[in-house]
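Order as written gives the chain letters A, B, C, D and E; numbering starts at 1 within each chain.
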């Protein structure tokens, strides 16, 4: 087990390394260049000054060597300085990452629980009216753009009903958990609804498959009640593929987080990456993307471990 | 492939006829197909509207901003006095085309990676699939934004091309395609792995069939099933992507209409002119939901176990 | 002969199909006494598995069961779900064909066996159940039962798995064991072991066994009475000796003749021409199309099961001819 | 299912609460951008100037009546009062600070702080965005704690517009710590610890800074002037303007200012139509000048007749009336009528499509079969027309103008780019082949060298410096700009400004469109906000804001 | 049978599968030994039965003969020549394979005519029309109506599909057909039909068969010689009659005794206890010793060689104590 985890971590590190190069190159393809921005409104700037600055910042070097320098610094924990936030990248990123992870984890949990409930109910009578209703709900969830859902939530629950605050993560001067939770409700629901549809479909498909399987029939032949058959025998085996798919999807919450954070004006990683790309903040964009990749890789690793834990047929070695 | 001369077309119908019969019994799938067909007709109706009806999707009319539906403008006008209906039709062409093209390109990429990975296995598989995993682990939307922000001139395209409308359109198609092929590659790989172990493939190999022969004559035809299902879902997802990209400022650039940018554009007007948001919103919603139900129906039709 | 434990009368199972109903089996009648083994033989699709599922109330969803199943004098058809549950696994147990898939892959063997006990025995806890499971595993001839009880199905060999399935079925001391092709997935040497085991267990507990197989030879090795099914109908029913000594139905005769004999080589095996028909072929004897003796009459009416000799019933107009 | 529904309802009940009654001691301002850094001299941004206006005061500023006034000084320097005088090739300007000024930590504001600012501003490696002001100042002589003399290296007509200051006692350490160019900007407390009280000398100081989300301001106890009217001001950034509007409607945001990036004019107009009585709406005509730069290197546009025809073909009045409900005045040139240097002799060109067609014909452009003009060589009169993608109002105007040009036989091909590409590449490197629409915003009566002088045409050799994207070269204009910059004689200045406006209107290097209007949405209870319409934002007088 | 020319010969063939593991951080390396040191040959026109239980490696050896699985060690000869690329080219045409599952053996997307003609198409034999004619001829030979040609596999029953699969194997006029459990997925009443068909075809074309099965009863009706495999090892190789009359290896004896016989009430106590060990960890010495009633110390250490049974030179068995 430890060996497996170690190997997977090494693999993930390698993927991260390769991806860091890919992202580094892509970032270099964004418009403008850092020196331009530095001397943007300096009328006295000459091409010589620009060239000198390029040399100081190593921008005259070939891509690979620049990447090498960046990597060496990054390995030592120096991810550079954020142009937009005027602070070291890590100092800016860490709280945003934490905030986003909280949002993602809560929404993910909510989405998973809801999907379990709906998927199981739908799988009990495939093709029946309840299944049709749940399918419709699931597909509807898949079919609404997240930003639009967010706007509708604000209009209904903040503007019309005044139930929840429309933006921010806390009321200034009110540090209570309740206040904090109230600010999280709408982003969490929005992000969770966007995921629930797909998850519900997975759970439903897997449950139908599982309910058809021989061992479920065996359980019935033993005289187990329907609840036990469904929840203990069918669900446990249905869970195995579902958990993997869900965990693999965890990373995709970043995209949703980006949108909900923008709409609900919450400081988070997704929004930060977006802003940094728009604002030519190369260091922040690069590191942010890498962190997001890292979170995805870690969730994949957890998925593998969960897989091995759920399925005794798999030995992690 | 000289055997292709054999008259197989008439007979080839039979597998598909069987599936069609099964699909026809899938009520929501049929409804979804009908909805998608209607949406396609709706989008294409822009041409007769423009040629014969004299409707111009770009003609502005400052005196007719936010007009309610009338004989001249069946769905009313938008904030620049343009005919909403024709814009929705033209926008539909763009959105559906983006959806289809990105899916086809992404699907082709997925096929090119998934089939060899599944068929050859071993090291080829390991390399291709680690690559796929790596791509999958990249956060999709931020990556799309980076790709959307890429300066084409730095890739050697001329500034004229980089700034042209065509570049804007193809950029979206290409970036969605190169980001969204991974799931298809995995599906194709899994299907190929299954087909590869089928006895008919082994029989062909025993007769001396080479890898290319087997992949073309057996694997490709038999992985079609999961691919078609996955295609329908992808088309829906891509259309959603386009609207999200529009929201983030990287979608189809106005004034070329797409449902995505029309919806995004209508955001600020949502309280004053909600209809402008409702139309493209509903069209996107129906397209995506129909694509999903269609995929569901096809899955049912292609699954031999659903025969009863 | 003792009073029958199981009495099946005119049992039929149908599924909705293209507007109408599709009768998968019909007119099944037989009786089974404690301590006896009834072999049910037939080719794929003849309805033998559905008949077995009807006995435990597990005919899949849209299926409809008619006729009568009396178990120990109690009518089972139409009884409540709760009554079925109380019966299943307790008085009537079932063993399925694929020991790999019939076991829950993510539950230990011991726990799966204990589950039957916990479900049916009042006051039985999991801990106690699992302890008892070890004993049951030992009873079905598994070595190191304590370790095996802690193992997952995939960690056991095919034969051991089938023993575990049998242990599970026997946990609550059923009076009727329905075994649906229990040895088909196994190798011949293991098949022999399992057949032995079933016979031993029957000797010890006096349970009745309904043994279903497509293999006449296997059935003949274990059964006291045999039912031959074809296309959803019983075509012949007889004590095992009588059946092989004087098979009356042309299908039974064909089956016996076409089976290759390991001990005698013949230049050419006799064959039954044609293949098993699709169900619901209309009126007439269902075997008529493949029957060497069939004439016009056979294609008009369906022959009833008639007793030609004591305990020997056949559904053929030409039987004895 | 039912259980889930019940749980959802229960959760709603627990978390939901009616919007708390606003204590009115707090003002939440909704803006659509967030300041990237708070250092006043690095990365100039409207949102930062607006935010810092609450906390850090320049020595002088233009007020809402466009009059230069002292904020931190006792009187403005002028040649008349002797505080400004000619000196060799340049000038000497004496700055007299008001006494009793304190930084937010109680340390007095002194002339040394001004000298410190100069020291940094004069150093090209400090990372200051705009060195042009400080490069004019050769030295600063500190006379006493409250007096300093700035020695300018040439006469400068804007000498009485006095700069801001930095707290030397806090920032000197940061300035010394820098090793590489630009390090100061990273070391500055404004970047590293923006809640340090001593960084502010205005009525409010920043007490909480949540990067990307909000800035919280609270009264500065060491403020000497009018007591601030709020216990707390929150500036909340909500980038999505639709969400921002929803926040305003839900009460999460109280106030949408017009001088900081916030709701669009379009939104405010729509809001006013829908809820005319819910808020107070203010529209302040502003300096911002919307126009279309013409690339004069384009052979078609090199012909003045074509340029004039393009302008005459535009019905700017109707456009303004319909799209902006008449809030945005049509421009005759780049100088707003509100500017003291505006010259009435330059009229607004009327809408005259007939003359436009005649001019085009004169220039050799005759309508082809599709209605688009062609010249003798058969080339179509087709011009690329770009602006910032995503700016709804501009895109809307662009579409209308495109149609209006079409009516006179000019084909405009819309090619828009996102703002950063548009400003970073398209216009900056003069990649637009014909027309680019955007806005300028300079100071009041500020000489337009940057945008109109021939030495400010961006080229590769000057590292794409300057903002004369049109490639406009006119000796008369160059001379007038120099006069406006350096000739302190008011008569000469006025003449130079008149000349600039005349030349501009005649030569049309750019098509003048509108002067923007800042649109404010204020809660009924908010009083004392005086929009300025220029780049000295209303927040500089925030101590007068109060609830009623 | 030694009179006929040798068609295919296996000489000390071993096949092992690397199940991963090993290498950097890979953990224990796992190797599955599917076949060990197997040697036998098939003469022209001969039918060899390859018998064994699941996991004995019989299908693996079938794949080796059909060229689907390269051996890890040992040599394969075709008509006296060791296999190389050129030999394989000829052999591919002369050796065809028929599989167990008639449902998976036919590409559901091809009409029957294409399926049957496929081996010819792959080897580029004949014209399109010629291949079609050949397919039509073969369809009739295997007892299907001509109109089957334009139909699709799903329209046929299991027995009919197996006939199509046999027709495909016959298409290039092979010398040997590897039949991998061709009957076990069929209904009992169909098995004998296919069995007879194979016999007829063999007589008509002088085909050789490598008939892989677990069913000894079937073997007795078709084959000339029998090879018995146990855990990847050849334990007995003998002419049919001899083997059925007097099995030499204890495993063969047990196997034969375990076959259920019609109408014979079973004698209790099975002939053999226990189960075949995992091919991942075969026992040392004689692989059969853990289950062998005769096992002695020698069996636990020494691998018995395949040698003639006492007095029966044609009957080879790998046992220290063969009868």
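Just so we're on the same page, a residue touches a chain if its C-beta (ideal position, glycine included) is under 8 Å from a C-beta of that chain, and two chains touch if they have at least 3 such contacts.
The structure presented is a predicted model; accordingly, all values stated were derived computationally and were not measured.
Peer 1: Tell me, which chains sit next to both subunit B and subunit C?
Peer 2: The shared contacts of subunit B and subunit C, listed by label, come to A, E.
Peer 1: Going only through chains that touch each other, how many steps at minimum separate subunit C from subunit D?
Peer 2: 2
Peer 1: Comparing B-D against A-B, which pair counts more contacting C-beta pairs?
Peer 2: A-B
Peer 1: Between subunit B and subunit D, tell me the centre distance in angstrom, where each centre is the average of that chain's C-alpha atoms.
Peer 2: That pair's centroid distance is 43 Å.
Peer 1: Which whole number of Å gives the spacing of the CA centres of subunit C and subunit E?
Peer 2: About 32 Å separates the centre of subunit C from that of subunit E.
Peer 1: Quick one: report the Å distance separating subunit A from subunit D, using the average Cα coordinate of each chain.
Peer 2: Computed value for the inter-centroid distance: 38 Å.
Peer 1: Between subunit B and subunit E, tell me the centre distance in angstrom, where each centre is the average of that chain's C-alpha atoms.
Peer 2: Averaging C-alpha atoms per chain gives centres 48 Å apart.
Peer 1: At least two partner chains per residue is the criterion; list those residues in subunit E.
Peer 2: Residue numbers touching two or more other chains: none in subunit E.
Peer 1: What residues in subunit D touch two or more of the other chains?
Peer 2: 240, 242, 249, 418, 421, 425
Peer 1: Can you list every residue of subunit B that touches 2 or more other chains, as numbers and ranges?
Peer 2: 151, 249, 267, 270-271 - these are the residues of subunit B that touch more than one other chain.
Peer 1: Considering the complex alone, what residue numbers of subunit E touch subunit C?
Peer 2: 53-54, 157, 159-160, 187-193, 195-196, 199, 214-218, 220-221, 240, 244, 254-266, 268-273, 275-276
Peer 1: For the complex, give me every residue of subunit A touching subunit B.
Peer 2: For subunit A paired with subunit B, touching residues are 11, 15, 18-19, 22-23, 26-32, 132, 135-136, 139-140, 142-148, 151, 155, 248, 251-252, 254-256, 258-259, 270, 273-274, 277-278, 285, 288-289, 292-293, 295-297, 300.
Peer 1: Looking at the complex, which residues from subunit A come into contact with subunit C?
Peer 2: Where subunit A meets subunit C, its residues are 213-215, 217-226, 228, 233, 236-237, 240, 310-313.
Peer 1: Could you pull out which subunit B residues touch subunit A in their complex?
Peer 2: Contacts found on subunit B: 28, 130, 133-134, 136-143, 145-147, 149-151, 154-155, 236, 240, 243-244, 247-249, 260, 263-264, 267, 270-271, 281, 284-286, 288-289, 292-293, 296.
Peer 1: Can you tell me which positions in subunit D touch subunit B when the two form their complex?
Peer 2: 240-242, 245, 249, 264, 266-267, 270-271, 273-274, 318-319, 322-323, 386, 389-390, 392, 395-396, 398-400, 402-403, 414-418, 421, 425-426, 431
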